[in-house]
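In the two assemblies presented below, subunit A is common to both, partnered first by subunit B and then by subunit C.
Moving on, here comes the complex of A and B:
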């Protein structure tokens, strides 16, 4: 297969775009699309201080690498969740990445405050580990982002379509109303953006490999049975039969949202009496978790 | 031909496979969920590429929990 642009030997074929590209032209194609999302959706500008949440995986490290390459003002933020045989490996990848590229990365370890990893905490408070992990990460990321203008995450199109499918299967209007590549600042909750929303997981992995990013390939051991993986499998079966189905599904939803805005039933947000984080109850989930852990 | 599956920590010897597409079928893998690397040339290869017995191929799965 030849590269559509330069006719050299292609390294990747993208069925949904029906094009084959060599390494050089794929990287250009990829970076141009991410740039277009950032600019079109007004995610941030070169004057903004951006905190990029990273896990050590292909998407977040690839995003941080790309934003640095495009000369944005970026800092990485990594949370070690104390997952046996996984978190320390991913932290080592993050440190090596930071060292090789000279990017400042803030590292936080939940075991310092709680003396346990997320798996053990989930058992103690009887919550599914992925749900607890999501809540803890959102809180800590927002806290870390205080001195920044915007927080960016590496969610890709496959993550977004899997989330969309899950929200539709439950007809969860609140979540559907909030699903967007850009979440505006709300009080003390920082603006959050997802510049890879229109990039597939395969494209993101190819970019990381082609750019020489050493990322953690293993799946989080606590997420091996995650529903999102099941949804992604179903969506990829659709994609195989109907190339472009995933992007039509997600883009179509975003277009629909514009013409038929879903109304989020807004529960009034108040500051948590303990930490000031915006929440719907007197004490936020994070502070309640801390209280449970201490007793 | 040697096929490496890093996530499974496996290296398998396969014979008689002519293209990347056939190789993926052999392992029941979807093209959308993997990238295939010719390790000796350190480059990705497309599904129509011809495979030869002396090659070493790495199949990288790209799907994660998110």
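Moving on, here comes the complex of A and C:
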């Protein structure tokens, strides 16, 4: 197969776009599409200080790499969640990435404050690890973003489509209303954006490989039975039978959302009496977790 | 396992309701639920003349049987679609059902007018057989319903959920707006209702077996690769992992629809210049098909 642009040998065929591309032209094509999302959806500009949340995986490291290459003002933010045989591997990848590219990455380790990893914490407070992990990461990321203009995450189209399927299966209107590539600033909660919302998992992996990014390939061992992975499997079956189904589903939703603004439950946000974080109750979930752990 | 009601030996366990029931109590439970749908959604009353569209399968024959048992004024309507090795088998089941129960069933055969079955017609006009079949059945059913107050079909919850999934994957707003257990009368198009909307395929099959209904078990040979069957497989995987997922998905949609009336494309309906059937174009799809076949 030949590259559609330069006629050199193609390295990747993109079925839903029906084009084959060589390495150089795939990278251009990929970066142009991410740029277009950033500009069209007014995610951020070159004057903004951007905090990029990274896990050590292809999506977030690829995003940080791309934004630096495009000369945005980026800082990385990594949370070591103390997951045995996993977190230290990902942290090493993140450190090596930071050194080789001269990008500042803030590293936080939850074991410093809590003396244990997320798996053990989940057992102690009897919560599913993925839900606890999500809450803790959201809190720490929002806290770290205070000194920045915007926070970017590496969620790709497969992540977003899996989330959409889950939200629709429950018809969870609040979640459906909030599901968007751009979430506006809300008081002290900084603006959050997902520049890879229209990039597939496969494209993101190809980009990371072609750009020589050394990322952690394993799935988190605590998430092996995660519902999100199950939904991704379901969506892959749909895509296999009907090429383009995933992006039609996700883009169709965003179009629908535009003409039918979904009502977000307007529970007023108040500052947590302990830490000042915006929450809907007196004490935020994070402070309540801290309390539980210390007692 | 024992029947939850009478403690006799249970014959069926309903996972999503978490109850086991004997034959007698399952039949009661099933009929009460269908009755509740009919009454709550004001589908029809004992004063209405009801045309029940039947295929010879468990759902439609089970529905006709149940409505007769509950002393509704019912007539069956069967279309022989001329599908080799299938239509004649189903027609025989329908005839036997009619004789044994003394229910009048109107039988129409498309080969009388067109000299060929739906599979051959589809080839001649180069359309997928399922889409052509749907159009022809809708037309003939609506035409037959003219002398009745309401038309009932045997669509069950699995059918409706598969349709919903397909409509959402394309975010087809017109179809989403029209997807309902009750469609009001619209000019000469009679009211259409689906009394089994909240009954699962498995429950419907169990009811037909327990009530001694001899129905055609095979799937239509032309529909073996049908998208609806593929969607059903996907939804069964979801149900397997998350019991109750299908009914949460479908009921959640109906709740959502109530508070967010979806806008149906209001293309004005006009009478077809050939046959008078309500359509959005000058000549309806059915008359255009007839023309094509005759030329």
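FYI, the second predicted complex is superposed on the first by the 295 of 295 C-alpha atoms of A that agree within 3 Å, B and C clash if a C-alpha of one lies under 4 Å from a C-alpha of the other, contacts with A are read in each partner's own complex, and residues count from 1 in each chain.
Going forward, contacts are C-beta pairs under 8 Å (C-beta built on N, C-alpha and C of every residue); 3 or more make two chains touch, one makes a residue touch a chain.
The shown structure was predicted, so the numbers you read here are calculated from the model rather than taken from an experiment.
In the overlay built on the shared chain, the residue A:245 is in contact with subunit C alone; subunit B does not reach it. Of the two partner chains placed around the shared chain by superposition, subunit C is the only one that A:173 touches, whereas subunit B remains out of contact.
In the superposition on chain A, contact of A:237 is made with both subunit B and subunit C.
Shared-chain residue A:255: touches subunit C; no touch with subunit B. When the shared chain is aligned, no partner comes close enough to touch A:293: not subunit B, not subunit C.
Using the contact criterion defined above for the overlaid structures, shared-chain residue A:158 touches subunit B, although it does not reach subunit C.
Of the two partner chains placed by superposition, A:182 touches none, neither subunit B nor subunit C. When subunit B and subunit C are set side by side, the one touching more residues of subunit A is B. Residues 237 of subunit A lie in contact with subunit B in one complex and with subunit C in the other. Within the complex, the subunit C residues that touch subunit A are 168-171, 173, 230, 234, 237-238, 241-242, 245, 248-249, 252-253, 255-256, 260. If you check the complex, the residues on subunit B that touch subunit A are 6-7, 30-35, 37, 43-49, 60-66. On subunit A, the positions that touch subunit B within their shared complex are 1, 10-13, 15, 20, 23, 57-59, 130, 155-156, 158-159, 162-163, 200-202, 204-206, 209-210, 217-220, 223-224, 226, 228-229, 232-233, 236-237, 239-240.
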